[in-house]
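Each of the next two complexes has subunit A plus one more chain, namely subunit B in the first and subunit C in the second.
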Partner chain A sequence: MLLNYLKITLAVLQRRKFFTFISLFGISLTLTILVVATAFIDHLIAAGYPEINRDRSLYIWNIKQKDTKNDGQSSGPISFSFINTYVRSLKTPAKIAAVSMPSTINIYLNNHKLNVRYRYTDSNFWDVTSFDFLEGKNYTEQNIANNDYVVVINDYVRDEYVGKGQPAVGKMIEIDNVNYRIIGVVRGCPITRIHVSSDLYFPYNTSKADLKKVDLRGNFAAIILPNNLSDIPKIQTEFNVVASKIKLTDKGDKWFKPDKLFVSADSYITSFTRQFKGDGEDDGVGYFFTIVLGIALLFMSLPAINLVNINMSRIMERASEIGIRKAFGASSKTLAMQFVIENIVLTLIGGVIAVFLSLGVIYYLNNSNLIAYIDLSFNWKVFSIAIFVSLLFGLLSGVYPAWRMSKLQVVEALKN
Partner chain B sequence: MLKHLFKLIWKRKKMNFLMMFEIFFSFLILFAVWTLGIYNYQNYARPSGLETDNVWVAFFDFNAPNDTIKAEYKELVRQQLTRYRAVHSFAFTSTNAPFTFSSMNNNVDYNKKTTMSEVMRVEPDFPKVMNMKVSEGRWFNETDKAGNYRPIVITRHLKEELFGNESAIGKTLGNGDGANSNDPKMKVVGVVDYFKHKDDFQKLSNCIFQPSDIWDDTMVMKVQEGSGAELEAQISKEVARLGKDWSIEIQQMDNMKSNRNNLVLVPVLILLIVCSFLVFNVALGLFGVLFQTISRRKQEIGVRRAMGATQGAILWHFIGETAVIATFGLILGVFFAVQFPLLNVFDVEAGVYLLGILMAVISVYVLVSICAFYPSRQASVMQPAIVLHEE
Partner chain C sequence: MIHLKNIEKVYRTATVETVALNNINLSVEKGEFVSIMGPSGCGKSTLLNIIGLLDEPSKGKVEIGGKYTNGLPDSQLAHFRNQTLGFIFQSFHLINDLPVLDNVELPLLYRKVSSSERRRLASEALEKVGLSNRMKHYPNQLSGGQKQRVAIARAIVGQPQIILADEPTGNLDSNMGNEIMDILTTLNQRDKATIIMVTHDENMAKRTHRLIRLFDGSQVS
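Entry: the complex of A and B
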């Protein structure tokens, strides 16, 4: 039966080549845009080099203070001392890394300027991430204890500063009048890995800011990597207990006297969605995905209406066929079913074209220098979403014409 | 003729419903694109009120333990910078210097009117560096600091919001906290017409310039034309050497501005690509459907021709019919679109919305006519003898 439907579909598609072209063009381009967008969102959310432990890690980086009386609030990254005092007090075994927010600085070299991003990290940072070291190694606890002025650079800085393919380890690099010894070279990562990407990594002992200063707010993020997945809820509750005991000190600001504090250990995506929805309680993940889905549906609606329109024209053309089949006893349901299946086959063909088109687009984006080091991938997650969206699209645009067709009167249909 | 067309379409409204719906949707998309385009172009076309050529921005981090020491550090920097012949002028500003990513807003009030305004703290040389013109009054100078009032310069947009047609010079403003505030009141000494400090697409906005404070550690400087990385390296090296633990980063304001411009342009560009794809999609669909409908009405065309309709009349009849369908879709679309200026969503002038609606309506008609032209022409060249013979 299904095979029969398929045969009819292909025959119909070949009959009106122009219509087939228009339908397929619309379907495949719509799906391509959706698939590329999905790949990009997946790239932003999913674990990837060098943050391969992202799904098993917890992130603490934003702290929000609220003044419920004056209705004011202020939020920003946590401080290094916050991590040392509160985050490192957690009892559940886990690796805790501290990494600063990125800043930029210019390096000058023979009348040539290199604008680079840099971060300060502790030595645990290299354990929770897994950078590929092209040369040398990372700095350790020992380097920090010795107050060594060392730096880990990425291949971009090496190529620009030392020269392509030349050994960099052991060479000195001058930044802000201070000489640092290059201790390792890592393969760079895209800027979209918000907490780990940088051009230079310094051990925190080289920081010019006073890291011992006691303040909740600062310039750091903490990445917590538990020993096993089952520890995650345990760490979260433990941290919530720690956070609830933090005392808010009055800093003498007469407009802003915070009396409530929100800070939590979240998974990667939640740590962001909590920002624009969460008031501490709601994590905002549902809200975020509702919006993404809403935009996708809105975007799909116009091509879908277009397809419905074209399908309607096609049905009218096949009025005699429908009339005859009805006269011979085919039920409305069978006919409607056939038409929906036909439409799904059409969208799936469009989906296959879209997969190839998006592979091309992704390949182009990865190889162009639009975003350095970007590594979009077409994986099974993206693929299954593409298939799901194709089916949804097929249903969306097939049901109405099928319903209209099944209501066609035999006499009317056979009149012409 | 027109009545006839409307009657025809109305009779077949169920058939044409989908097409109207599609046109309605396309209209909304085109309306959004045109409005966004017109809005941004209008802002872009206004003078920026400042010049970024050969202006550098230096971000200092003194790591100073307290404000007194910071003031001494800043004096050291000033002395050092006057030694460079290639540095024409310089001024310390608050962290929200033009084209940086930070912003500082405050409430100001005058005569019970309260409004939000950007507040930029700058040294008196700031207009010289940025090549800004004061259109009314003057800029504040060092001697103004002595008075009881804090001298300020405001943008024309803020002046009109607070004072309307009155002259602003000499008026005093509160900072939004009412009478019990301890801060000194602000006195307007000058007005500037334009000041686009976020990007070239910024709308006219409120801004207050106040004299700079001790803790302001961002600096703008005008340098000799053609100065490059060499001077930049020299300055940052020699200045950073003046103190322990200093950090300095210099950026070209031109680059900073183009970064900020890209933040506006890139989303608009992506939107434009996606929308033109959608509209192209609709155009192809319309073309196909019209082709189909017209070829199904062969007999009608045959009869019309046989009764004496000319080729031109048939052509115009079908284009007209499509235009009427489009009109139905547009009426619904315009109904929704006029809600934007009526409800004043997004704080955009009504004129921009109306122009957007007008351009979108024209675009839809042009699009529909193009799509209808070829199928209609096919219809008009049909020979009555052949078409009617088939029957």
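Entry: the complex of A and C
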């Protein structure tokens, strides 16, 4: 019977080429956008170069202080001293790295201006990440202790500043009137690796800012690497205890006297979703995914409604066939099932087209310079989401027309 | 075999009520070949549709093979049509997207019959109507007479006890019409099929065992 359904499906698709084209165009375009968006979200969330430990790391970067009496709040990245005082007091983690938020600066060479991003980090940064060193090595605790003015650059800066593929280690680079010795060259990573991407990495001893200044807010993030996955809840609990003991100091601002503080050691995604919910207590993951799912469903529903319309026209066109099938023993249920299967086949064909289109778009994005170093991938996760979405799409647009079709009276259907 | 008791069919709209059948009482015995005649709009096809469970009467009871069919749920009606009835329509009602063999297989598709068995039975049915050389053709590649033969093959492939033919020769010339009547007569005589045929043609009706005449929805003879 399934073979018969498929035969009919293909015949119907061939018979009305324009409808088929419109249907497949709508389905495949929608799915392509969804698949590419999924690949992008996957790229944003999942572990990837150079944050291959992201899935088993914790992030502390935002601290929120609230003045419940005056209904005020202040939030932003944590300070370097906060990391040293509170985060480094944790006993469970294997490594704790400090990395500043990115800033930009111009470097000049032969009247050629290069706008680059830079960060300050500690030496642990190179242990919690897995950068590919094309040349040289990272700075160590010893370099920091010696107050060495060294820098790790990425291949983009090397190619622009030293020459494409030319050796750079040992060369001096002048940045903001200060000379730095290039100690290593890493393969760059896309800007979407929010906590680690940069063109230049300096050891924190070279920072002009007063990193010893005691303050909760600053310009840094902490990346915590546990010994193993099972340590994560333990570290979170340990940090919550530490955070609960932090004393809020009165800075003499009469309009803002914080009496509550929120800061958490979160997984990568939670460290962002927590910001959506405002009060800092809710991790916001459910909220975030509800919004994403809602947008995806809304986005899918428009072509689905269009497909329902097209399907309704197809049903009227096929009323005679429905009457014939009923006359010879097809029940309403069987016919509804046939139509849903036909629609699922149609959407799966659209899904297959979307897979190829998505591969093309992903290939283009990866190879164009729209986002430098971006590495979107069409992996099994994205593929299974695409198939699931195809089936959902098929069901969404097929069930109602199928129900309407199955309710057609035989005599009326045969008159068509 | 078939018993209709006090059958009425009324079509109602907001303003008009049309009586299509009025107090029809009819019995058809097993193996009979009955024709129904009457002017256009007298209710012949409506009566055939009610016998074929394609339409429901407004009043009255339909009994086929000892079973009352009024109010049966959709799945049981579908099963009953599939097992007991075979239809032949004036305008053939073949599925143009399917080749001849698949069209003939259609009733078997809704039974638990294997694909190879379906092929075999459909081929046999086509052989009976002399169209075994047209199995892979599509309906729009056939003449009117050939299409009707395919429709007959489809009606008989599941060996139903009752064949209902709604003006089976209405769209054919007299030669083709006679050929179709020959096939129906053979089915009745050789296979003992019970046949009820609606027709406008007196000559065709004369070839059946019994003639029922309708006028304005009522049985007149």
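What we mean here is this: the second predicted complex is superposed on the first by the 414 of 416 C-alpha atoms of A that agree within 3 Å, B and C clash if a C-alpha of one lies under 4 Å from a C-alpha of the other, contacts with A are read in each partner's own complex, and residues count from 1 in each chain.
Assume a residue touches a chain if its C-beta (ideal position, glycine included) is under 8 Å from a C-beta of that chain, and two chains touch if they have at least 3 such contacts.
The shown structure was predicted, so the numbers you read here are calculated from the model rather than taken from an experiment.
Asks: Pick one for A:Phe18: touches subunit B only (first), subunit C only (second), both, or neither.
Replies: Once the two structures are laid over each other on A, A:Phe18 reaches subunit B alone.
Asks: Quick one: classify A:Ile33 as touching subunit B (first), subunit C (second), both or neither.
Replies: first
Asks: Between subunit B (first) and subunit C (second), which, if any, makes contact with A:Ile305: first, second, both or neither?
Replies: It touches subunit B, and subunit C stays clear.
Asks: Considering only the touch criterion stated at the top, classify A:Asn111 as touching first (subunit B), second (subunit C), both, or neither.
Replies: first
Asks: Once chain A of both complexes is superposed, is A:Glu317 in touch with subunit B (first), subunit C (second), both, or neither?
Replies: It touches subunit B, and subunit C stays clear.
Asks: If you stack the two complexes on chain A, which partner ends up touching A:Ala209: first (subunit B), second (subunit C), both, or neither?
Replies: The answer is first: A:Ala209 touches subunit B but not subunit C.
Asks: Does subunit C touch more residues of subunit A than subunit B does, or is it the other way round?
Replies: If we count touched residues of subunit A for both partners, the winner is B.
Asks: Of the two partner chains, subunit B (first) and subunit C (second), which one does A:Leu3 touch, if any: first, second, both, or neither?
Replies: So A:Leu3 only meets subunit C here.
Asks: Can you pull the subunit A residues that subunit B and subunit C both touch?
Replies: No residue of subunit A touches both subunit B and subunit C.
Asks: Which residues of subunit C touch subunit A once you look at their complex with the stated criterion?
Replies: Of all residues in subunit C, those touching subunit A are 49, 52, 54-55, 74-75, 78-79, 81-83, 87, 89, 93-95, 97-98, 102, 106-107, 109-111, 115, 154.
Asks: Touching residues of subunit A toward subunit C in the complex: what are they?
Replies: 1, 3-4, 7-8, 11-12, 15, 320-321, 323-334, 409-411, 414
Asks: Under the touch definition given earlier, write down the residues of subunit A that touch subunit B in their complex.
Replies: 18-19, 22, 25-26, 29-30, 33, 104-106, 108, 111-113, 115, 176-177, 208-210, 299, 301-303, 305-310, 312-314, 316-317
Asks: Can you list the subunit B residues touching subunit A in their complex?
Replies: 18-19, 21-22, 25-26, 29, 61, 63, 228-230, 232-233, 236-237, 240-241, 245-251, 274, 277-278, 281-282, 284-289, 291-293, 296
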